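Before we start, here is the structure in question, set down as structure tokens.
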Amino acid sequence: MTMKKVAIVGASGYSGEELVRLLLNHPQAELVAVTSRQYAGQTLAQIFPRFANHPKAKSLRFTEPNAELLAKQADIVFLALPHGVAAEYAVPLLNGGCTVIDLSADFRLRSATVYKDFYAHDHPAPDLLPKAIYGLPEVYREQIKTSQLIASPGCYPTSILLPVIPLLRAKLIKSAGIIADSLSGVSGAGRKAELDYLFVECNESVRPYGVPKHRHLSEIEQELSLAAGTDVTIQFTPHLIPVNRGILTTLYLAPEKHFSTADEAKALNEKITACYHAAYANEPFVRLLDGKAFPDTKNVVSTNICEIAWRLDPRTGRLIVMSAEDNLVKGASGQAVQSMNIHCGWPETAGLI
Amino acid sequence: MTMKKVAIVGASGYSGEELVRLLLNHPQAELVAVTSRQYAGQTLAQIFPRFANHPKAKSLRFTEPNAELLAKQADIVFLALPHGVAAEYAVPLLNGGCTVIDLSADFRLRSATVYKDFYAHDHPAPDLLPKAIYGLPEVYREQIKTSQLIASPGCYPTSILLPVIPLLRAKLIKSAGIIADSLSGVSGAGRKAELDYLFVECNESVRPYGVPKHRHLSEIEQELSLAAGTDVTIQFTPHLIPVNRGILTTLYLAPEKHFSTADEAKALNEKITACYHAAYANEPFVRLLDGKAFPDTKNVVSTNICEIAWRLDPRTGRLIVMSAEDNLVKGASGQAVQSMNIHCGWPETAGLI
Amino acid sequence: MTMKKVAIVGASGYSGEELVRLLLNHPQAELVAVTSRQYAGQTLAQIFPRFANHPKAKSLRFTEPNAELLAKQADIVFLALPHGVAAEYAVPLLNGGCTVIDLSADFRLRSATVYKDFYAHDHPAPDLLPKAIYGLPEVYREQIKTSQLIASPGCYPTSILLPVIPLLRAKLIKSAGIIADSLSGVSGAGRKAELDYLFVECNESVRPYGVPKHRHLSEIEQELSLAAGTDVTIQFTPHLIPVNRGILTTLYLAPEKHFSTADEAKALNEKITACYHAAYANEPFVRLLDGKAFPDTKNVVSTNICEIAWRLDPRTGRLIVMSAEDNLVKGASGQAVQSMNIHCGWPETAGLI
Amino acid sequence: MTMKKVAIVGASGYSGEELVRLLLNHPQAELVAVTSRQYAGQTLAQIFPRFANHPKAKSLRFTEPNAELLAKQADIVFLALPHGVAAEYAVPLLNGGCTVIDLSADFRLRSATVYKDFYAHDHPAPDLLPKAIYGLPEVYREQIKTSQLIASPGCYPTSILLPVIPLLRAKLIKSAGIIADSLSGVSGAGRKAELDYLFVECNESVRPYGVPKHRHLSEIEQELSLAAGTDVTIQFTPHLIPVNRGILTTLYLAPEKHFSTADEAKALNEKITACYHAAYANEPFVRLLDGKAFPDTKNVVSTNICEIAWRLDPRTGRLIVMSAEDNLVKGASGQAVQSMNIHCGWPETAGLI
């Protein structure tokens, strides 16, 4: 197999660092450039001691980001930048012939109007929106193969979309009234020097935030609406919990079919199980939990796997679905590498197991 | 003011230890006995080094629990025992003239049938159920004054009942469809030598458990039904998170009145605010959060306070209410002491600030 | 007893917040002013929600620091400021007749030359150095009673001086070759928005820092030299560990008397025990651990207590002494309040238990 | 390259689980058996959900340990058992022709007398001691190639021996007076259901233990004595800190050559640097830290790397050396796999990067 040259723009944040980890050890990708305004001139080994024993860590230096130059150096460029900024780099990189895998929110939405509503500024490159594909491999695998611009999903959205989309498509649940209650580790806030994310402020603390209108709602509702074939509005509550990594999402869903007896519950459970198995039994990065097991972030941390479990509650008639993922891997950098693998025709699990 | 003699049966667990902390420093209560099968014969100082500088810590020794003896020693006895066991002690203690404040589930339910449904064994003392009062001071303050048997509420129930009861009583929300999503620190599991609660199994881990039928549902639904004047069935999902103490509950509620415009939301918000202020503005242990603040367990840990905040979501028409408490204080031992203070006619905050 | 009016300059850091906690509940002190450039105009309740239920929390507002004004408002002023800045406030406050209790390093050293060597700038008020007393009550109780300027010790120094000074004074150990290996919780770094102290950078991390010449060495060696009657130079290694609060220090000491048999060890151990009991048996805030117990930060967190245990190692001939304290209480704000109590003639434990 | 069949006896503890992780993904080793009395009959996927997506996780089942059977199934057997028990399995496995890599302490000591002194029972198979090699690859690489019985070092010893042995061999430090102060994550205590290791007992806690005579001293002193060519007795203090994994060791050493001026320190530092580079510049799993960096467990967790940094203190004349490793990888299972790689003639880093 041929190697491809890859670059990371914005390699000093937590998603960028995780991309570095994955790409340094990827069998087909050669990491040729990492950019960081803050660390330009320093080696990977100096900034990320944990990679210092890698043969490249002492030779590869952070550079100032320069899209024209990167377009000449790399076949594939990952953007790990804040929203609004990513688009600035995407345009010249695409023009230069690169495949762009963007980890920001800039190309996740199909509508520039929705973008403005949730991100509070005009979309910086609305012309590109029709060219972008939402990089959720379990849903858009075929389109990822051919798209030059892949918008990798957000961490919360991945933990919600993977469990809900198959149920909506199969009409097993109602599209109205969906509630997603999510718990995220602190790396989700990024590597930012802010008081709120100091150790002492987060340790021995649990708190909700961004209630009721978190930005990730826009892409979640877009994708759920596409799955349902109708407009979907959901309730979403994120919470910050004192772990480095991991998202645990608990979903409250209303089955289309009423159930209240044990037999009805059993029959419905079989349908849901069949639906999930049809969707995910062959997916390398979704783990359906059988029996009595519940998702636990510690079982997915540092992997690209999303765990899913479900329970029917005959007392309330609801379906409870729970998922766990690593926000920096399946929720960000691992999923982006998975998309790269698909796009390049490599084994989907290359560099991810 | 006269002093009362108090005893703790089952003083070696986390709730028992917290009772020791509170009662050692209580201005009106004199701690005269602490029992523990495991530690009988050893001093408080030996088992709980953190209290070792208290004048009593080297003289007060754990004893084998003996209800007849305790009935002679103490005016008030706290039971910090597993459910099913507490009732065994309550009977002779009540017969001996003690006031009993039970932290177990044994006397929280009015129905022995519901008890059996949720706790999987016959109620050990059904005759006492009519004599017990549910020890939630903000709801049952008057009854606590005169009852000889106070069933102190569970930790999760307190975090749910305090925010929901005023809204149900005021008919501001529907009694159907209530969802409570709760996050608890590990002390909630008790001081038990089980693999699941080892440091390595809980640290860097987040997980749901007890879905969908947790035992605490029985008392939550009993009290919500009383507040609503109709049968209430709720959805409740507990999660274990890596903090020592603290419960954060997020509630999903349906306002009786539809709202979708900003004006409607504002009007409804004023009603909810007024409802909460009417209920809690004078309560010493409820803190209503104004403005942009959200509950955070770190702001209530080691206090007897329950924080409450709320948000209306005009996109979904839902009311989101969030609460935070210390599971061992307002969720257990602090609330029990608050009941003692009320029962004895002492200042309600004695020993609790 | 008469009340005194107290103020805190620099009340928004972790030591300042801990002073607020202690002084709000102090029976003799009335907190009349808290200053913070950053939060001027906001109430205590807004900045520290955990105190919001205190009667004063909604009326007491942070102000810009103004020494002249504070000198009129308060009898006693606590300075919780960075070194170099504290001295600026101390001069006008002392001139205005206040007692000043300074938690910075500015007045801990007797020599302005040593100050410059360790703090890299000229001492801002060398004339005041002779007037200041080192606020370690177990050593300088008498002088604290009468001094108008009390330099409260650093967190690491307290954890080292309390265990070592009695042994040096009694000539039980050699003054040469002392090693102190200390582990500190992250609050010791202050409430500073720096990447190094983010949750993700500290959690699941343990690291030494400031090796080999930490600033606290200057005051440690000054006080040990005074105790030994000769110049003492020690080895000190601080480490950062993922807890909010707490310092654990392990000391490696050389007994003056050689021992290698069990009998010799027993005899020496009795002398050390007697030495410690003579020094601390009546001290309210030192806990000597008997038997098999070891210090544990969890047993001293949120208290003003320093735990001490010791072991002789006949294999190496060394004495190992271990101490634990809360860096924000006995290591900072609690000790400062203890000094205030002594200075004002109040019970030494007032507001501290 | 040919594949080898490998088995793990005692695969349900933390070291066993880490061996499972490493061996499932090893390019030359085929994991054919995992034993556990407790979990016999269950699949890897059931007990360790984190590995459930591995192709083997649903087919490979835990079995009761049976040395005779294992000897037929496997070429190489890892023993992850308590000391005293490992030897029982080693004998029949060796007789059956297997290579045995033992992670317990049973074969680390050359003297059965020293074993009895530290482990308090007779050595269970003293005849085997001369056949065993201490599996520290950086010291015994050649012997590991040919030995059928490899005694993999303890976690603390590895963190001490790697930094100290080169200095002793080069006569740069004195062999007397060595002090090792170590901090370990809680997984070092094993997966045991004991109160001391509950989340609530370890979180927000730091404590020394096993002072002054920890069992690991026996192997540390044996190996240091061999390096020094004379008997070495050291001081060793372990502490428990609230992280899952990682050991940080701080060593206090006395250089042979006195230094007090900056020039002398510089010259000595160059010698030490040269010594370390000669020993480790080509070692794949030792990282010598240059410049201002200090070891940090977060940079080595889940890797087989040991980080080392050093500082000379001209004030005290001491050399401070600090190391960091993952107690379960370089301190246990990773090092055992490294030995297997060497023994089998595979690339030393196979399955470890």
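All chains are identified by letter, namely A, B, C and D, in their written order; residue positions are counted from 1 within each chain.
Criterion: a contact is a pair of C-beta atoms (placed from the backbone, for glycine too) under 8 Å apart; a residue touches a chain by one contact, two chains touch by 3 or more.
Just so you know, these numbers come straight off a predicted model, no measurement behind them.
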Shortest contact path, chain B to chain D, counted in steps: 1
A-D against A-C, pair bridged by the larger set of C-beta contacts: A-C
Identity of the chain that, by mean CA position, is farthest from chain C: A
Whole-Å separation of chain centres (CA-atom averages), chain A against chain D: 37
Centroid spacing, where centroids are CA-atom means, of chain A and chain B in whole angstrom: 38
Separation of mean Cα positions, chain C and chain A [Å, integer]: 46
Residues of chain B whose C-beta touches two or more other chains: 201, 203-204, 242-244, 296, 298
Complex contacts: residues of chain D adjacent to chain C: 179, 181, 183, 201, 203-209, 211-213, 233-235, 237, 239, 241-246, 248, 250, 252, 294-298, 301, 311-313, 315-316, 318, 320, 322, 324
Sites on chain C touched by chain B in the complex: 25, 49-50, 52-53, 204, 284-285, 287, 289, 293, 296, 298-300, 302-303, 305, 307, 353
Footprint of chain C on chain A - complex, ascending: 14, 185-187, 191-195, 197-204, 242-244
